[in-house]
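One chain, chain A, links the two complexes that follow: it is found with chain B in the first and with chain C in the second.
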Partner chain A sequence: MPAPILSAPSLPAPIVPTSWSASWTIFRIALEERLTYRGDFALGTLMRFLPIVTQIFLWHAVFTAVSTPVTGIAKTVAGYTYEEMVAYYLLTMLGRAFSSMPGLSSGIARLIRTGEIKKFLIQPVDLLWFTFLSRVAHKTAYYSVAAGPFALVFFLCRGYFPPLPSAATLLLFTLTLLLGFLLGYFMEVSLGLIGFWWLEISSLIFVYTLLNFFLSGHMFPLDMLGPEWQWLVQFIPLQYLAYFPAAVFLGKITGAALAWGIACELIWIVALVGLSRWLFHRGVIRYSGFGG
Partner chain B sequence: MNSRQTLRPQSARPAYLAVLWTMLRNSLVRDMSFRSNFLIESITSLAWMMMNLGFYLLVFKFTRELAPGWGKYEFFAFLATTMLINSVVQAFFMPNAEEFSEMIRTGNLDFALLKPIDAQFLISLQRVNWSSLSNFFVAIALLAYSVWKMTTRETAPLPLHPWMLMAYPLYVACGVAILYSLMISLAATSIWLGRNQSLYDFWFYITNFSRYPMEIYEGQVGTPLRLFFTFIIPVMVVVNVPARVISQPLIGGAGRDVALGPGLDQQFLLGFALLATAGSLGAARWVFQRALTSYRSASS
Partner chain C sequence: MRSCSIVVAEPASAHRNLFRYCPMSTIEITGLRKSFRAYQKQEGLRAAIRGLWRRNYREVEAVRGIDLTVEQGEFVAFLGPNGAGKTTTLKLLSGVVHPTSGTARVLGHVPWLRENDYRRRFALVMGQKNQLWWDLPAQESFRLHQQIYRIPPDEFLRTRDELTRLLQVENLLSQPVRELSLGERMKMELIAALLHSPDVLFLDEPTIGLDVVAQHNIQQFLKQYQQQRNVTVLLTSHYMKDVAALCQRVVIIAQGQIKYDGSLSGIIDKFSQTKVVSLTFAEGRMPERLVEFGVVLACEPPKARLRIPRNKVTQTLSTLLSQGGVEDVGVEDAPLDEVIADMFAQVHDNKSPTD
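Moving on to the complex of A and B:
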């Protein structure tokens, strides 16, 4: 009697420890793959700053309109001066360079839909660890190439930045960027794993992108939203993807609020790691693979 | 000799209108066979638009105007014009420009060139994405609402002249034509480049400069940008001119200076937009023809 290839009980728990040498190989291959097109990459990164140019002009116009014409004293919008606003947009670019995961959830959903995921179920490689390593390699390749364009733009715009914050703030800022990466990764993975149930998740990804655009602070500083929206902003984790790091750098969030924010972010990450593990586990039990 | 004469009228004048009609109908039939997809696509583009609108509603909570002469409803009329023009371009030309790049790569362009009809016409309008037009109607509604708000407000109501309503569609058409020219020129470059994957990106980055009133581009960087995107690549004319026509009193009111420079006022801009349209269409035609001469079929 031919045994079904992938019956759930015969399968070991999906968490298979991947050996470090294998991990290193996965990371290296993904890195080399990404670095093949570095020229296109660098140009693309520089081009991505162009929309910011129009955004800067828009805010310049707004700040000119709200300033008192006689004295020329600049007002603030939602607590931001014009310079801070420009710096905010540039910093969210940096935040999103860490937290955005292009193609991650759709990629996982595709693995499930096409059945390619089978190879992760029969080989001693854990899917979530594998995609995590590939993503870290992807990001490493990205930073090694994008560092140039980023440095150039930040240097050209140095006049907009407040004096460099204290070392402690810079350290916390770096921490929020790294946590943003983890949060973004596990959110998108969980989204992609819903593909075990839905197969086609593009509409779900669309809703996520839409909410992300508006509520991560990518489009505008979240302080601009009135109190009737703040509960939503605080309730969902999207603010950590762009707004939170930028606000930390600009000194908008300090002290207890900062500690509380980081604590909440950590709780979210732990919860999402658990969720993605659980989804993967349930999904594999549900999954049936046929053919070779 | 007789047979030649009878053949000639047929081959010399393809029935453009009939072909266009067939292409429009086929696309609609195609879209309608995937009805839920059509619905989802319409909702998707609507949602993006609503989000955009939400952002500007938020901005106007903090300021009364964006630039001199661009208050909330003036700018919403501007925004509606942007949506109107973009929805038409996205419905009619975007899918075709993408397809064009693909045809060059795969060598399928051969079949288009062999047909006894103008290649640019065929390539530009082959497929129409009807779902993109859902934004068109929302844009009309937003425009109507903004104009109604402007004409009925207490301080400085907008005097609406019949000519404004007549000139508006004309300048919207001009805007569409300029964007079309830019798009088909960009797509044609894939003949030289082999592949033009970043067409969408490039398109987005350039047209980005059409999204705001040209007054906001001022200063050391702004003025050169404004002049470049007005006179060299006229994307700033695309939305600005029709939006001005409908929201800024021209006749019977004091026309506001466009800040293009001394002596360059609204009337100048109206004339220039027509010129820019003709120039863009001509340039696009030239680029297209030049690119075709370099086309080497990809098939064996």
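Moving on to the complex of A and C:
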């Protein structure tokens, strides 16, 4: 028999179907693990509220600096009143509570670097679904602790908010938060999977965090940016992580623009699901080619 | 048997159909090779800077053409020096890496296709890698395994209880894994790996770093478990005691090739160049220049131990006996550890006895 020669297999690694009961167990165990270090977890969650105070003071200083002599405080900055600006900032905090994924990319890259990823090649469990469920558990634990402080902050700052929007807007706002979670998850997973090629991706995460900081609308409302930046903001998906949900709540995006925004976000999510699957597939082929 | 060997580049469906009806051994490996590029960095800052834009790679041939057949219920040890290709072979068979060329089938599956049917039928335990959730009690990890391996609840409980009883860890199930000792953790790793009753078990140095008692416990457990379940086990270990206690068959791998495949005692016959002769002399009759007869391992008059080339044992003994004064004599094989260490050293110097 001639010696069979083999090149890198191009066959797709099968995606492991995970039953609902298995998914529930993964979620439950990840949640339990998350709650193990109670002190660190509670402190970490609560300390995230500290920047709110500094940010409110910062915007107060900005508005005062450009104040009119009559009122003592500027009416608007780039179309935002001081109250709107604070409300916007608080809403982006809420948006980011859904879309930010602390430690996700670096965690995946570490799995690859340390070889722990082998577990997911050997056991009948899908890495991407497993990390997704773990992240849902992670967020659930976070919300359970952060819900109280969030409610308190929103209550204390209720004066900054416009009257509560319609139920339909609130529903769409909730949808944008959930889509923001999916988008943030698949973006960071794709970033983490680059670890198959680079091993160390901390500089990549730094660049991503920097772009995220400015172009998600976390620092300031994106409609403050001039038209020369608008094309970039519209071209990349970062706006959906913070600006978009806040703008929907504040009624700055409505009607056709809102429908178009959600459609674009959905397209981005589908594309990123595809990208993360492809990266994982190619990454595993590369990994298994390199001796594991 | 050879008639159902296939080229791995064929579609997966073709493999499955072929394998379904072929009688076969549990593990069949033919001409398996694995090489990969390894980055070569010279020492020093200058080399590190040069490495920023130009890197040198070396082709590492981890496995260089292995042929091996293992039948169901065999307990096979892979022995070899560090870097011999043992772990790479286990990684190939568990589908973590794919080969450069060659074929392998385990339970009728091509491992690196990573079919789910195959993943549910084998387990890999690596002594230095942790698959349990570090901050949670082991029983939570076991529950997770029950779900992902789809083990029926009653079967899961039965297997878990049996394994925890055999390994005497019943009272540790609810303790976080991070608080267990290394030996206890290894036991939990084994339980996690065995819950789904795999047909094939790959053990990569399962007793590494354990104390003598823990090593012995795990050996006893593995022995009993393998005999009861008749599973096929491939084990790599640096501890000769593991191998002697567990494996009927030993495969020695060095430089990516099989150098020996047979029984443990056969290693001595094949590779041992010397024997150890123990002598007791009558008082004052010990020869002054024992070194003339062989390498002196110990000399405490009136006793002495000499290492003598195998082909000179008879001649040396008759010389000594003819000189008179020998009260007692014993001839033993050289210790297995030494034989294997010598053999590894020879292989390292490219002077393998089989080359």
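The rule is simple: the second predicted complex is superposed on the first by the 259 of 292 C-alpha atoms of A that agree within 3 Å, B and C clash if a C-alpha of one lies under 4 Å from a C-alpha of the other, contacts with A are read in each partner's own complex, and residues count from 1 in each chain.
We take it that contacts are C-beta pairs under 8 Å (C-beta built on N, C-alpha and C of every residue); 3 or more make two chains touch, one makes a residue touch a chain.
Since this is a predicted model, take the numbers as computed values, not measurements.
In the superposition on chain A, A:Thr254 makes contact with neither chain B nor chain C. In the superposition on chain A, A:Gln230 contacts neither chain B nor chain C. Judged by the touch definition given at the top, the superposed model places A:Val77 against chain B, while chain C stays out of reach.
Between chain B and chain C, C contacts the larger number of chain A residues.
Of the two partner chains, chain C is the only one touched by A:Ile29; chain B is not.
In the overlay built on the shared chain, the residue A:Val62 is in contact with chain B alone; chain C does not reach it. Touch criterion met: A:Ser203 reaches chain B, while chain C stays clear of it. No residue of chain A contacts both chain B in one complex and chain C in the other. Contact residues on chain A toward chain B in their complex (touch as defined above): 44, 47, 50-51, 53-54, 57-58, 60-62, 64-66, 77-78, 203, 206, 210, 213-214, 219-220, 224-226. Within the complex formed with chain A, the residues of chain B that make contact are 40, 44, 47-48, 51, 54-55, 58-59, 61-67, 198, 201-202, 204-205, 208-209, 211-212, 215-219, 222, 225.
Within the complex formed with chain A, the chain C residues making contact are 2, 5-9, 11-12, 30-31, 34, 36-37, 60, 62, 88, 91, 94-103, 112-116, 119-120, 123-124, 126, 129-131, 133, 135-136, 140-141, 143-150, 176. On the chain A side of its complex with chain C, the touching residues are 1, 3-9, 11, 13-14, 16-19, 21-22, 25-26, 29, 32-33, 36-37, 115-116, 118-119, 121-125, 285, 287-292.
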